[in-house]
Amino acid sequence: MTALLQLKNVSRNFGGLAALSEVSFDVHPGEILGLIGPNGAGKTTLVNLVTGVYRPSSGQIIFEDKPINRLKSYAIARMGIARTFQVMQPFPEMTVVDNVAAGALFATGASTLEEAKELAQVHLEYVDLKKFANTPAASLTLPNRKRLELAKSLAMNPKLLLLDEVMAGINSVEIDQSLGLIKSLVEKGITILLIEHIMKVVMSVCSRVVVLHHGSLICEGQPNYVTSDPQVIKAYLGSKFAARQNRVSHEQ
Amino acid sequence: MAATLFFQVLVNGLVLGGLYACIAAGFSLVWGVLNIINILHGTFVVIGSYSAYYAYIYLGVHPFISVVLAGIILFIIGYLFQRGIINRVVAAPVLITLSLTFGLDLFLNNSLLVVFSADYLKLNLANPLGVLQFAGIYVPVDRLAAMVLALFLTCLLYWVLEASRIGRAIVAVRMDREAATLMGVNAKHIYAVTFGLGALMAGSAGAMLSVIFPISPIVSTLYLSKAFVICVLGGLGSVAGAMVGGLVLGVVESFGGLIFGPEHAMTISFCLLILLLIFRPTGIMGKKGYE
Amino acid sequence: MSNDFFRLENVAAGYGDIQVLWDITIDVEPNEIVCMVGSNGAGKSTTLKLISGLLKPWSGRVIIGGEEVVYATPDQILAKGVGQVPEGRRLFNGMSVKNNLLMGAYLRKDKEVDKDLEFVYGLFPILKERRKQDAKTLSGGEQQMCAIGRGIMSRPKLLLIDELSLGLAPLVVEQLTETLKEINKTGISILLVEQDVMTAFELANRGFVLESGRVFLKGPTRLLADNPTVREAYMGI
Amino acid sequence: MRKRSKISLVVLCFFVVFAASVFLSVHEVWSADKTIRIGAPLPLTGPLAPEGKKIQQGYNLWAEEVNKKGGINVGGEPYKVEIIYHDYQSKTPRAVQLAEKLITEDKVNFLFSPFGSGATKAASGVSEKYGIPTIASTASSVAVYDQGYKYLFGTFTPNQTLTDPMSKIVKENVPNAKKVAILARNDLFPMAIANVMKKSAEEQGLKVVYFGKYAIGSMDHASALTQIRAANPDFFFATGYVNDLILIRKQMADLGVKPPAVGMVAGPAYKEFVEACGPLSENVLSASWWHPAVRYKGTSVFGPTQKYNQIFEKKYGHVPDYGHASASVAGVMLQLAIEKAGSIDPKKVRDSLASLDAMTFYGPVRFGANGQINSLKPPVFQIQGGTQVVIYPPEIKESEFKLSTK
Amino acid sequence: MKTKLVGLFVIVLLLLIPIISNNYVIRLATMMLMYSVFAMSWNFIGGMAGYPSFATASFFGLGAYAGALCQVNGVPMFLAWVIGGLVSAVFAWVLGLAILHLKGHYFAIASLIVAEVLREVINSATGITGGGMGLNIPVLRMGVDAQARLFYFSMFVIALVTLAVSAYVSGRPLGFGLKCIKQNEDAAGMTGINTTIYKTTAFTLSAVFTGGAGAFYASWVNYIDPEDVFEILISIKPIVMVLMCGAGALVGPVIGAGLFLFLEELVWRNFLTFHVGMLGLMVVFLVIFLPTGLLSVDYRKFLKKVVR
């Protein structure tokens, strides 16, 4: 068992449009794998396929040596795959603690609601949201919502965590805080698939990066290797950005 | 003989379907653009029929000309209803908008009942249009004419939505109200215009149907339920879908009645509808049309 | 400081009981590109809503084209020459690219709409190619082009652009900034609201930095770029 | 919390307004004294509204006439008549509920049944429980009367008294009549009539070549009519309510269904049918329990039939049909029974009704042991020259049967 | 504490009704309890899971016919009610599996159309159900007053059971999971909730008591016909009742049912031929001017849209 999650020639079509075609890569236990690519490249589709929202049109998704591409999302969640959401918060009108409790209750099988809520408190403590426990999730500020997302996912006690643009829309200082949090998760033994736009984040935490473009995988490797790949620069980064990126890394 | 029967039933179905299509087009428009299931629609059709009836009795206006008159009357009624009342809940969830139009319909329909009484009227043309007959197949000209007119109106509506400035605004508001507002569109006005157009289609349909079906406030629910079924058959909020849905329903009812007996005609179409909903919720036409 | 082309003067605003903006003063001169940056929740989008008439100011003045605007609706603002490219493009799905562009000219009754359409096609040839396609089938970058095209179809004197780079590949952003400069050369002022400070500073000559609903810093972008606070808080350097 | 109190305030206002309106309505009830109160649950809204309105006109005409003449004479003392109407929205269970309300809350002395056999059957259980004499003015089905109830009396003879003479007339008048087609609304009364018509026709040696039902609310009969055209019957019989029959007649013409004899129940008895069908209504055959052309020397409040027609026409501006007349005669029956009993005691009035033997504008009134009238010979009529003319029974017939041409 | 007192007061009041009122008022009160059962039942799927179900009439009519046919064939009355409930429940389970994957309007329509189909089917199955001629249920051989009270108390018990089940469910993982599904179904699935089973269970719960009440109704009025028991208003009224008092509260549906039927009765008493219209105005009034009564449906979202 080398790979935790394996994608084998996964394709997905919507109507006549191919959102993903023949994508294959592995996620190894204990790593942070970055997934980058322009908008519309199929990143979120890929997450939806792994979490069972959609089924692949063809190909196989294997988690811990078991194919999961025909399972429903609740079953996949119970196997230990959790995700965060790009924009919305899952249960906006429920309190923060209830949001987290939902993760604890249904995915890990806390036997009662009370037990789940107690567990939720622990996770809220971890992401520093305890003071908001009884406010509705919708009233949180954006960075706090992202934390809530994280707490909820953690409450599910996942083996693999899919972080879908958790950094979008928060400023640099906050990003730095979040990076710390993410690194601490890996120490807890959680494997992470990080979907991001912000190159800085990808460069600083990921051990490997895969690049999607128009639904196909165009590059895979170490962060520095990927950013210098001519195909990636042409399709995604742009020459100017690449130059800037180099400049920034030099300054640092 | 069998072939004659088959074609007669097919023609019956198509002609009926054409009439159904025109009942449904406005309903579909309002549903698609405003996201409102307009329970008032059936009553609007009936008002259209009454307009045509009295225009013929007192002014001698042919009902096919009253189509315009009834349309205008209903447009005004629809515009005012939307602007004055329904706009207040236009963005609310389906249960609320539905309750509102339901309440309005109870009120409006009961008012009609008080004003016009429940007695059935029917418009009898002084010069009936007669029946076309070829190869043993009968086609009533009034139905045919009404159907052609209905399809013409439906196409006109389709064209308005596709190619006119106001049509673009309607579609834009439907897709993204705020963005449309930023383009300078007055969303409230457009909503009211859309609702008015829906009512206009209902009124025109009513005027055409006045030569075919008996008129009474009571029949409004029949029209409404037809519109409903057709709308789902064709795909929500699509004018083209309403046309296809109407024709399909007409043919299905015709053949269903022939094969399983007339009392089952409606059951069959409802079953078809449920199956369609389960397996292809977007309707026959999918989300084409103006969505 | 008496620029009457476009100015917000000591504006305060908010939603319900919650105040979001305090004492905002921002101005744009003719033919200028100005940027407004700040982190999420700093009040950028609220400011834009206020300018476009979706939100009424609690106090302060909004001046457009030398006139004070009091309680104007979005269509009146648009008629005064302030167009907008909203955050996230907000194209009308299900409508063709051409019809999307024509929606930008919704308020115009003049005969030159077709000419402007050609102008937009000239700026973004890909849009001409895809003019009959449903807008939702466009890629992210093409959508942003269409949104910008739609914005200039109203013939604005000032174009507000909300989050130009959001969700776009760096390469595409680079192309778009070039086009914006071109558009600016035709005499349209631009107020760019951006989260990506680097992109914003590269394009604009003046900038305002918003923080917690207040103007925190302002000045020429090359000076702002060297400001240590900005560098640390927004550029991550 | 502030919001909460605002809601309750609005709700409160709402209630006050309604409470006030209730008080106003209660006031009306107080003002009446020395009255006989009769409850009448009617379908004033919903699909049966046209029928309900007719019945109401008939009742009102009777109450007005009686009160104009000083009321009902109960053992020498005049009692005014008051009819308490409730709308049951064409929903049978609601009618049952209202029967109970009228008896327990409104304290009515007598009851007029709801419309039609189904609702009458359902509601008769209630009046039987409370022992309130009830007159059914629109129920013909024998099943209604065969429940063993003692307090229910009806103005309609059984259905086959309509269909027997009709099929006989067809058999006698249509040359080589062999085939009959029947199309019926899938509803209590129309189905019952269609079923007895099938029997009557078969008794006359006619073969039923088509027997179809159509759903309530059907908007198209083309399939059935196409098949009927193919079956080529000598007699086509359709049942339903006015709107159904108008549509069927119209579509018959559209699809070239032209049998020599066309019979319909219960539309052609109504003026709306003739008006709505125009020339197409010509020569349509029908039957009903009463017709304005009948001539009976009634002794009751309305006098002879001609007088009734006159009074009715003066008030409503058109000729009465059997629905109106049946409702009016229901009142007359009650009046006669009360006057004979000299009391408004329900038991006494019930006995008096059971033994009633009188002549009215509607015809002779005698009830069978089950409470259904058995003294009538319903007229068969045909629409000729735009009006209904009686062609049977021979003693009152105005014209001969004519074959359909259209 | 306060709510408990109010609850107790209401229960005592309800128990007093048969002692202090005449048969008609008891009938009304029975009707009120029946509608509160509908409203509470609807709340499982409509309020808790947020699915705009218009299936109440289907469940009710099916239960009514199942119960009536049982009774006609000699099954004892109370057993017939249980069977009525079970038949509706089984139907709801199967139907739920078929249509609960639909969202929003689509689900609303599908659930609405089912009643039409059932009505047509029962209408045309003349041999078994009497079709349009309706079905007569054997009358109970007992006194008028005793009968009224028997039915009243039976309905009271059914309502109490429904309330108890509602209370039980809302405090368990099932209720919690439904709440999650209402907020965001996809996310609920990814949180580990078996959404299909949860939704279908809620749908079934909403059918079982409605079906039982349907069978009860058949015994109570002794006559049913398809037009009547599959009437669309049966689907719509409970929704209005729940909306009146907010979908969240447990006793909300009960109060809503009482309030609505009370208003309906008032209108009906005061306007002979225009009461339907007045009822319509009342609904319009409620929706437009009392949106706060509708608050727990989606009030916040609604307000937000208005502000924008």
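Letters are used for the chains, namely A, B, C, D and E, taken in the order the chains are written, and counting of residues starts over at 1 for each.
Note that contacts are C-beta pairs under 8 Å (C-beta built on N, C-alpha and C of every residue); 3 or more make two chains touch, one makes a residue touch a chain.
Treat the numbers as computed from the prediction; the structure is a model and nothing was measured.
*Asks:* Once the contact rule is applied, which chains count as partners of both subunit A and subunit D?
*Replies:* Intersection of subunit A and subunit D contact lists gives E.
*Asks:* With contacts counted as defined, which of the two, B-E or B-C, has more C-beta pairs across the interface?
*Replies:* Between B-C and B-E, contacts are more numerous in B-E.
*Asks:* Of all chains present, which has the mean Cα position farthest from that of subunit B?
*Replies:* A
*Asks:* Provide the C-alpha centroid distance between subunit A and subunit E, rounded to the nearest whole angstrom.
*Replies:* Roughly 43 Å, centre to centre.
*Asks:* With chain centres defined as C-alpha means, what is the inter-centre distance between subunit B and subunit D in Å?
*Replies:* Distance between chain centres: 34 Å.
*Asks:* Quick check on subunit C: which residues sit in contact with 2+ other chains?
*Replies:* 54
*Asks:* Scan subunit A for residues touching two or more other chains and write them down.
*Replies:* Within subunit A, no residue contacts more than one other chain.
*Asks:* Give the residues of subunit E touching no fewer than two other chains, as numbers and ranges.
*Replies:* 120, 123-124, 273, 276, 308, in rising order.
*Asks:* Can you check the complex and tell me which residues of subunit C touch subunit B?
*Replies:* 52, 54, 73-75, 78-79, 84, 86, 90-95, 99, 102-104, 106-107, 150, 154
*Asks:* In the complex formed with subunit E, which residues of subunit D make contact?
*Replies:* 3, 6-7, 10-11, 14, 18-19, 21-22, 24-25, 44-45, 85-87, 89, 91-93, 96-97, 100-101, 104-105, 118, 121-122, 125, 129-130, 185-188, 191-192, 213, 215-216
*Asks:* Note which residues of subunit B are touching subunit C in the complex, please.
*Replies:* Listed in rising order, the residues of subunit B that touch subunit C are 165, 168-169, 171-172, 175-176, 178-186, 287, 290-291.
*Asks:* Name, in rising order, each residue of subunit D that touches subunit B in their complex.
*Replies:* Residues 45-47, 49-50, 52-53, 183, 186, 212-215, 217-224, 226-227, 230, 242-243, 246-247, 250-251, 253-256, 272, 275-279.
*Asks:* Going by the contact rule set out above, which residues of subunit E touch subunit D in the complex?
*Replies:* Per the touch definition, subunit E meets subunit D at residues 22-25, 27, 31, 120, 123-124, 126, 131-134, 136, 139, 144, 217, 221-225, 227-228, 231, 263, 266-270, 272-273, 275-276, 285, 289-290, 292-293.
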